[in-house]
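Naming follows writing order (A, B, C and D), and every chain is counted from residue 1.
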Amino acid sequence: MDIKKVVQNVYDKVKGIDDKGNLASYIPELGNVNPDFFGVHISTIDHLNFGVGNSSDKFSIQSIVKVLSLIMAYRLLGEELWNRVKVEPSGTAFNSLIQLEVENGIPRNPFINAGALVIADILISNLRYPKEDFLNFVKKLSNSKEIRYSERIATSEKNVGYRNAALCNLIKSFGNIENNPSEVLDFYFNLCSLEMSCEDLSNLFLFLANDGFTLGDKQQILTRSQTKRINALMQTCGFYDESGEFAFKVGLPGKSGVGGGIVAVHPKQYAIAVWSPKLNEKGNSYKGVRFLEEFTTETELSIF
Amino acid sequence: MDIKKVVQNVYDKVKGIDDKGNLASYIPELGNVNPDFFGVHISTIDHLNFGVGNSSDKFSIQSIVKVLSLIMAYRLLGEELWNRVKVEPSGTAFNSLIQLEVENGIPRNPFINAGALVIADILISNLRYPKEDFLNFVKKLSNSKEIRYSERIATSEKNVGYRNAALCNLIKSFGNIENNPSEVLDFYFNLCSLEMSCEDLSNLFLFLANDGFTLGDKQQILTRSQTKRINALMQTCGFYDESGEFAFKVGLPGKSGVGGGIVAVHPKQYAIAVWSPKLNEKGNSYKGVRFLEEFTTETELSIF
Amino acid sequence: MDIKKVVQNVYDKVKGIDDKGNLASYIPELGNVNPDFFGVHISTIDHLNFGVGNSSDKFSIQSIVKVLSLIMAYRLLGEELWNRVKVEPSGTAFNSLIQLEVENGIPRNPFINAGALVIADILISNLRYPKEDFLNFVKKLSNSKEIRYSERIATSEKNVGYRNAALCNLIKSFGNIENNPSEVLDFYFNLCSLEMSCEDLSNLFLFLANDGFTLGDKQQILTRSQTKRINALMQTCGFYDESGEFAFKVGLPGKSGVGGGIVAVHPKQYAIAVWSPKLNEKGNSYKGVRFLEEFTTETELSIF
Amino acid sequence: MDIKKVVQNVYDKVKGIDDKGNLASYIPELGNVNPDFFGVHISTIDHLNFGVGNSSDKFSIQSIVKVLSLIMAYRLLGEELWNRVKVEPSGTAFNSLIQLEVENGIPRNPFINAGALVIADILISNLRYPKEDFLNFVKKLSNSKEIRYSERIATSEKNVGYRNAALCNLIKSFGNIENNPSEVLDFYFNLCSLEMSCEDLSNLFLFLANDGFTLGDKQQILTRSQTKRINALMQTCGFYDESGEFAFKVGLPGKSGVGGGIVAVHPKQYAIAVWSPKLNEKGNSYKGVRFLEEFTTETELSIF
């Protein structure tokens, strides 16, 4: 199978569909992006690298960063990490506050906001210069020097981030945040503001398809078992309240962000990143989900 | 790799561990089984069939039946089925009633009790002789003539089944149960009382590893895409409140029951059934989970 | 102050207002009543008895019966009663199922459906002929021989009573229902179908304004302290999710039903019953609430 | 009846009982008070003023201040106030966050923390110097010049006030807080730190028993109708999760604080303040509740 051709064909097909999604609106900055942008980049463990459309334009990766911060925290704390955050799907967003109450401030998984705040707290406690150290980690992993936080986006999110502040203070009240909530929130909003391209993301996530090793210099980022676990976690919890639907339709572990990006991993095969800013009603890229659905159907490759 | 040898070795190893589980106690009948029983049976698409220990003893499959009733309903209704039940993980049991309220009586997935009751309702509406027809379907799929409901177990569950009656009536109040609640409950308790062996289950589930086709007579039970979807659903929702943990540790789609049985599927490779009656605190077989964890580690086979 | 005159004046004034309420629609029978009916009856401890409009027409008292069944159960069990049901307001209807979960099947108060089901269960356990004995108790208290259950209403409610069946089974699963849920539900639906007039109700409730003694034959129905407690309970929990609003606007203990009836008690002074079938959005009689609001404003009598 | 004598007798009786309560422990400062302090002060509309025990010692009035801030906000906004906060009992503390979610950030009543935060926000928006202006209002109403905030208590609460910060940010996310959450929290913690004596409180609350007029200079603080409403609100919502129980046992409108103070009002008769620092399991003064229970039993005065 000519993967490039399949990517190109599916890209062309999905580019033409009527995009029923809407731009994220909760901060103005996310609404200012060109809604027609659409990019895809695939990286395979056979060293294929192929991009289409806006595949090298940077965009706000938003919640995709939760995988990156989790990986960094996992390297720092190992399995102890799971005392601070669980690995179970969370049900509806609606339940997030009540679940924290009932489960004593231990978030259900690291990909809901509550869990990502705990991970941010862990990084602050364990890194000398959290923002710089994290940025360097991401740059190195993606082999790209031009990744940066967007001050503008971070500030914008902070100005409307009252729900996250509520979550962070609630977790703190249970003792599962060590640092000052405002410091944790500041770092968290910075993380979410990271700007990367499909190419960057696809390159970065490839080690998760490669048993934990980077493809180029064969560095071990996570153990075989830890890699498997991150993939399992993306499978069960990567798409907010559409995780089951995504597993059902696409069948690959992955993670999406409200900036319109999605990264997916086919273990032993490839990582793929898609970006199109308009979101379906569950907050995942409309064309992104469609692309991956068609792509896994075409290639007949899926983990299931 | 000699699969038989691996199965035997892992079996021997896990057999010796200190079983920290407890027998299910909510109905006396489930507490009467020999706690030391332990069986495993694997069926591969390469026609390997191998059992160890109590692999051909019948036991109460309980919630594992939810996959079987779902498959039968899926065949009857096709994708329309998903108007009656969703495919998202459910969060905690604690939330099941409130989620039904908030989501207007549409259960989160077919493997929580609420969802399985809706599936039972669908079967009643669409089958002439629900109990007989369903039993015949299971017998045929597993290629075993000696499968039957346990009247004793069914009656026993009915006598304490007030929470299921609450769920069924609540869903009925939202209009998502068509038949009389007591008829639905009666059928549902019968389904859960089905008794099968590891061998039966492993044989039956093999078609899910084989793109929807039975291995022997190559009959298509589900389409390729439907098969993938059932596997995805078992992956995200198959283990109650331990689904994420199971994906995390074992990395295979599967389904467990409080009778101590677990079935797991490795797409394109095999189906495997394990049975050991003592349960961990999440209600899944203690030794069963351990066996599968060790087995996927040994074989280095996992979908992730 | 000439109470009759005030009653008449306020009646005339409220009769003319635009009734923004709607007939209860969940069972057809309640929707068949003449929406323009409007009656008031007051009974004072000074032996005044005065009715206006449809004050002697019978109507479905619905939830008002919850006070009557509570009184009978209170006489039977005394303070032990409060081990089975609490006396706290319940927040929203929305929360009723989750509250039962969190609070182990002990309803928040006897005036929400969950609590009234427990009271019904208590009566079944303690009365020889529950339906007859209860009816006789009500007849005697109201000094009226023509009170009866409406078979038609009871059957109608039973046919759509799935939510009550859900509640009853959930409480049973916690062990706080002794009898068979279907028997409890049957009795409960009968209770709610009781038909009485404003005159009957006002006469009956007068003992609550008279320290627990009937006015005529000076029989003690409840102790002084028990009487005070029933009044306090009506004050805090008598009007569903509008109890606070009613205390706020009317300032008297009372109880309403979806048949459009309201009874209120001014301790040491009077009992008053109002009936007008169209309900506000909280399920309380639109004109009934308005009447009582105007009446307590005019008389400047309120407990606060 | 000689009220002084009754107060003295009940005081003596309750002083001797075994106090099963515990000092509030969530901030160390509240735990430092002498657990044996016990004071009562009554002020009647007949100009009786009588205190026993530690009736003129100042203590931290904590949540009692919520009535005072509500009164001030009510004077400023009139009935418009009720667009920002409702008047319904709240069910359990457990539900406070979920209720805010379901009810879009409009707190159930002004006496739960969520509601008191909204009231604090209103005062900040409408007062030039919120802290000073509020303090002057309280001083004037209680006719006492020596009332002050406790910096120490306020700081202490702020340091552990993460749950209040969670509430405040959640309400802000719904748009029902106008000012900066940290400013609102700072003001709120100051309010709660107010220190007053039983005598101060009893004098201040007397106008609520006097149709809204102060007794001395006959100034109208609230209208007749507003007064009645504040009393009704204290009746239904004044005692956290024990409001129903308190209405049930004592039968007077009132408000308690975790500093061990309770104020109660008998309309047309008196205001009474009790203070004893050890709390029952619901967070209300153990001896305080007992005193009022005995006192209303002795006097046979109750609104019910």
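Just so it is clear, a contact is a pair of C-beta atoms (placed from the backbone, for glycine too) under 8 Å apart; a residue touches a chain by one contact, two chains touch by 3 or more.
The structure presented is a predicted model; accordingly, all values stated were derived computationally and were not measured.
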item: Steps needed, at fewest, to go from subunit A to subunit C via touching chains; value: 2
item: Chain separated most widely from subunit A, comparing mean CA positions; value: C
item: Rounded Å distance between subunit A and subunit B, as computed from the means of their C-alpha atoms; value: 32
item: Distance from subunit C to subunit B - Cα centre to Cα centre, in angstrom; value: 48
item: Contacts with 2+ other chains: residues of subunit C; value: 94, 98
item: Every chain pair in contact, whichever chains are involved; value: A-B, A-D, B-C, C-D
item: For the subunit D and subunit C complex, residues of the former touching the latter; value: 86-92, 94-95, 98-99, 102-103, 108-109, 224-225, 227-229, 231-233, 235-237, 241-245, 247-249, 251, 253, 267, 297, 300, 302-304
item: Parts of subunit D lying in touch with subunit A, wherever the complex brings them together; value: 94, 97-98, 101, 162-163, 165-167, 169-170, 172-173, 181
